[in-house]
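Multiple structures are listed underneath, in structure tokens.
Below, chain A partners chain B and then partners chain C, in two separate complexes.
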Partner chain A sequence: MNSWPAKITIETVKSIFFQTLISAIFFTFFLLLANAGEANSQQNGKCLRCHGMKTLGYQDTATGNLRNLSIDLHALAKSDHAGLACLDCHSAGFAAYPHFSEARNEQLECLSCHKNSEKFPRKMFEAVERSFTRSNHYQSAPQALTCFSCHDPHTFSTLNGKSDAGVKSHVKRDNDICLGCHEKSKPLDNMSSGGAGDLLKKHVWLPGVNRHLQSVRCVECHTQGDSERSHFILGGEYAVKECVACHSRDSILTSKLYRYRAHEERNKVGFIHSVVMNDAYIIGMTRNQWLDWGGIGLVILTLVGVGGHGLGRWIARRKGQKL
Partner chain B sequence: MNIKDFVAKGHNKKIVLLIAIGLVIGGVRHFYPSMLESYVGVVNAPLTYSNSEPLSERAFENLAETLTHEYRFNRAMAKTKDEDVAFARRLKVDMFMNTRSFDKKAPFPHIDYFRKAGINQYEGPETCLGCHDVIKIADRHGKTVEIDTLDDVVNSVHFKFQSSDSGFSTFGFDGRQVNGEGTRPIPVGKINRACGVPGSFTWTGWADLVKAKPEHAHGDIEMRSEGCGQCHIGGGYHPSTEQMLPAHNAPATAKEGIDCLICHSPTYDMNQRYVIEDDNGKRWNQDRSMKAALTVGQPTMETCLFCHQHNMGGDLEKGLAKGAAPDNLGYKNKRLLHPGSKRGNSIQPAHDVHAAAGMACTDCHRPEGHKIPRGTKGVDLVANDLPGKVVECETCHTAAPHVKDNEDRALLNGHVDRVSCEACHIKKLRDDSVVLRDWTHPIWNEEEGVFVFKDIYQSGEVGKGIKFLWFNGNGSFLANALGDNPIGDGSYNPLMNQLARIDNPEVIAEVRKSAIELKKTYPDIDVEQYVKEATNPLSVLSPEMLEKRKKMIEENIRPIMEKGKSKIYPFKIFNAIMYEDMNNQGPFGAMILPFDYPTYYETGDSKASVKKAIEHPIIKRMYQAPFKAYMMDEFMGYFGVDGWKAEYPVGKDGELKNVESHWMRQMGSLMVNHGIQKDGRSCKECHKPDGIIDFKALGYPKERAAELINLPELE
Partner chain C sequence: MKVTYELYPLWLRIWHWSNVVGFLVLIVTGVSLHFATPDAMLIPFNSARVLHNIFGIALSIGWLIFLLGNFKQGNIIHYKLRLKGLLQRLIKQAMFYGVGIFKGDHHPFPSTAHCKFNPLQQVTYLFVMFVAMPGLIISGLLFFFPQVAPEQFLDMDGLWIVGVLHYVIGVFLVAFMIGHIYLATAGEKVTSEFKKMLFGSKLTEER
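The block that comes next holds the complex of A and B.
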């Protein structure tokens, strides 16, 4: 069968023309896109040939600490920034080796991309910036800490949407950020007013302190309010110290890390269960769903029993009357 | 009541039975050791040493004064440095040197201990154990424990030369870890491994006297000492054979022969180390003088090198410390020197940064009592007293060891993940490092007046005596480094390539030159065939054997190669041609046969020498059913041979049967970790076309290999 149109009309020509045009545009677009991707990976490959070395780094001459220049290729590929070229953030000077002066003078700002961008929820990073600048971290040493001090842009990936791991692994990941400085680094003792060196000693008032540190993020108690404000780190003296702040029906925890998970759970088991039963160890009154159902069952059985008994007596009486 | 009635009574029966059992056990305990001795043909007897003499009180004090003289003199000189009048100073120095409290801090505290304890004669371990019967040691977890000193020494690898425990980093060609899972543990180690460097076994070459006709003696015979026992801390007539036989400890006489001082005395006189012969046989003499005993302390690099010089810089190294073994060959029956160093990695200050820093061996090889760690990595079949205890550069130098070169330090540190420290910081071994050794064609050495093996090729150069291989810490049963390229394309196969072939044209030319030289003495040699077999030992394998080899590598060895973390290490390569028992041949080689040193050195008849050596009772036992069942089957399993064929390799006519001379089917690769140089290699030594590393041969994918020899950063 001949597939050509039997009669070539002006409409057919138009149609073929437009189809070709659209195809051409799409093709060019894809080509450009593909090229850009390839160029990215080629350029990144050049950087990662060295920065992919697991032991790339040196001992800082001033502090003696290890300065790790290695990038975990696996984590990078899974990170939120995986699609970017290295040179999107790092200046062109980094394209060639060596780039010591570039590295020395480099001043990267997360907010230059993340602020006023339509890609992110409105005012989200503005809020982060606001809470950070009001935080103890910024206030006590305005130049010492930046976003990078806590967040590695090469491995950073947001929690939402990827949280198939349990609460504990998120807690660990987030707490490791804090502990990176507050547990291991000695100089901090002089920097912070109270001296944060011996973490356990500071939290000795907390019953089951290790269990708390494994199950609750530091920021739950050391900040106030919602998740954007988790950058508003307060000094130790303002931290939450009341047990009932968490261990209650309207636990503050339900509004923080667990919000997402609570939402998920709400879809699964309903609002009431999700608030009072969750896999974190502390929030609210941890209850067992089977016990609930068992209790309800008992009530129903009692009702059925009482009702049945009443019904029986009622029937018996009626029969008795008849007799 | 007669005996019959006594036995007949019920409860008496039990008593008689108990006595009978007791007698049997006692009898076995009494006779078993001597039965074993006569079975394997070894002798034990009380050991005496003529230099173990009592000192008079005056002689003791004279010796003590001599030993501390230098210290006291220097101290007195320092104290009197402000005294201007020379004569007055001399008197003051004299006074200070003889002031009693003045030498309280003098070296050698044992002078005072011996003086107070009234010890005026050194009688071997007995003297040491008088005070040190137990010692406190820190175990691996830092806990202090008290242990029996003699037990500790007797069960150390330094004494027994083998281990039946697990913890070997060696894997058999059948894929089993030596004495690991799925094995029946057998004693293995230096005592019984097949090795072409010494040319003999520990029993057949323990302590020998060789009649030499050195040039300087003008035809007269001079006796020479030779044998494995020169470096053994036991003083008996054989290695510690009993410890590798079932359920038997070293006999008391062997324990009396332990040479504590060779490790603990910096003034140990190596001239006392020569072979002596008595009614019971031949053994090695020791320095049991009071001088050596009074100076005891912790081992130093010098004391370790009394023995280990042999496998570090070798016997021919010059400029060694005073008292070093090669410069003190014996007051009589001088020890023969061994040309062709095994590893050629000198640990003298000029060649090694750690020696230059004045470090002791035990700074890195940190002992637990008398057990000394050799690290977690090892290619050769040497027993390990402390498996799992690391001896690594990283322990001190951290994972970011390059600190000075500001330009490239990060990049250099980046290499640490894939490249060993040794790869860059051992740039060269000694020139006399032996690569190929021919034991089958001895040649006359004019100067020494003996026939010696011929080193066909020696080199310490990269690509010639050194090869770069992937290494994950494991080795094969015949000392081949195992490892694999972590990003490789699967083509890396050292047992078929790097270790099975020499293809450097310069090396081949040298080998040919040596073969032509040998032909002068041995006209039967076919030079081209000789060169072919020496540089391509796989060429003698039948096609079936070659197929079996490839299969065994893929099935048994590759999984081991892929284990753990591999890095590129330099290896000193080595192969030897020896006589082999062809009944016990596998795809990786056949059981080698030992040489009898006196026959070899005196007559140069290598075959007669083998015939003589295998007459030793223990070799005969090796070829009998009990030894086959006890250890040989298991041993050959590791060797890549299915079962031990216990057919004694001498025919009815008295000639060797099924014995052929061959190179081992691949070269061994010996770890080199000493001789560390301060300045490492430069980038371009490796990263250029025809650099010292053949990235393609190391299994890198083609594109990656091309990239590695052409890095834009180096332009």
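The block that comes next holds the complex of A and C.
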């Protein structure tokens, strides 16, 4: 059976033309939409084809050191920067391969995006910058450390709203940043301790030092205040060195840690289990010498009272009086 | 017409003795938690923590059962306080415990079908069961739901106030328990009151 019209008229040609045109417009439109959505991942795919290899590195001709150029794809996918294209941060010189040699000298700065941005309320990163420039890290060697010294932009992920890990893993993650330099066997020029052994020695005053280091972030004692001010790292001599700073009613951990822990545990292990296994208890948080002595005193007084009363009844009974 | 009443019905006795077990565990674990040190603890910290949580929840459920039972079974009648002449009755009962008991006087307010407690017992139990226990339970539950606790209270951390309240009520109830056990020996015989709470006590009254 022939599907062509028996007679091709001008109207038929017009109709086919317009149908084709409209289809083409829609097709192009959808293609553009799809491309826009995948542009970042396609672009990144080109970069990560090489940089996703675990062994990618090169020898820096200036220093002779091997430089790791590999990116952890899993960590990148979970990081806060996962939605960005590589070239959003890296210069156009990296778009071509081999990369332009000038591209190697690019100066990346977190604050070029993070500063004066409506995305970050309360001028968060301005506060971070102020804290950092006042910190021991910056004051000791202004040019030595940058954001990237501690934060890897390819893996960095904030804790806010994420509950896929417990307190201890968050503590470890943050402490690993500090230990990355401070636990090295070779001390940093004039800033670091003398290695892991020395680090433990300096914290020996802490009872159960290892348990403390697993449960509390370094910045809780080595900074003052909230997350923005957590970049205001103090010198070791100014760090909190009092048990009661945490183990007291005014604990620097009480409100934040306890409430955070309860919330995290509930998300992690379920309601009933989290309530029964609730481990958000800071030893000594409710300790107060007056209350302690008051409590012990009340119990002793009661015991003495009933003991004396009982003795009196026993003596009265021995005297032959009816009880 | 003579009517026989059970002063200590079975449900009340079961609640009472389960409460005893719960309280003993909570006291031991509570002391272990509050006075925790690395080397001198009654119970290891982690075990005490879990036990305290479990028995705290059990005690709270028990208190709800007590409340329900009291209103459903009519036991609440013994908690109805007659304010008229209360002070005189309290003094009379205190005088008995302070003086009369050594002279072998009779109990000034023996149990009746309408009130099995003497005035001092009635006031104390009212306070313990309807003020202290809810306070203890609420402050304990707030530690399970710290996000509900006030951030600040009287310029102090809200959770600290909750913790102190829990501790203070706990200590008060320990003192109460000691007094309660001791005064249970002040019945007709030393063991009479214990037997009543174990096996019940029937009271026959003319109606």
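Rule of thumb we're sticking to: the second predicted complex is superposed on the first by the 195 of 323 C-alpha atoms of A that agree within 3 Å, B and C clash if a C-alpha of one lies under 4 Å from a C-alpha of the other, contacts with A are read in each partner's own complex, and residues count from 1 in each chain.
Following the convention adopted for this analysis, a residue touches a chain if its C-beta (ideal position, glycine included) is under 8 Å from a C-beta of that chain, and two chains touch if they have at least 3 such contacts.
Here the structure is a predicted model, which means the values were calculated and not measured.
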Partner chain(s) touched by A:Leu298 [first = chain B, second = chain C, both, neither]: second
First, second, both or neither for A:Cys147, with chain B first and chain C second: neither
Partner chain(s) touched by A:Val306 [first = chain B, second = chain C, both, neither]: second
When both partners are placed on the shared chain, which of chain B and chain C touches more of chain A: C
Chain B versus chain C as contact partner of A:Cys86, first or second or both or neither: neither
Chain B versus chain C as contact partner of A:Gly208, first or second or both or neither: second
Touching partner for A:Lys54 - first (chain B), second (chain C), both, neither: first
Chain B versus chain C as contact partner of A:Val219, first or second or both or neither: neither
Contact set on chain C toward chain A in their complex: 33-36, 38, 45-46, 49-50, 53-54, 57, 97, 101-104, 143-147, 151, 156-160, 163-164, 166-168, 171-172, 174-175, 178-179, 182, 185-186
List of chain A residues in touch with chain C within their complex: 207-208, 249-251, 254-255, 258-259, 262-263, 275-281, 283-288, 291-292, 294-295, 298-299, 301-303, 305-306, 309-310, 312-313, 316, 321-323
Parts of chain B lying in touch with chain A, wherever the complex brings them together: 398-400, 402-403, 406-411, 413-418, 707, 712-713
List of chain A residues in touch with chain B within their complex: 49-50, 53-59, 66-67, 69-70, 97-98, 100
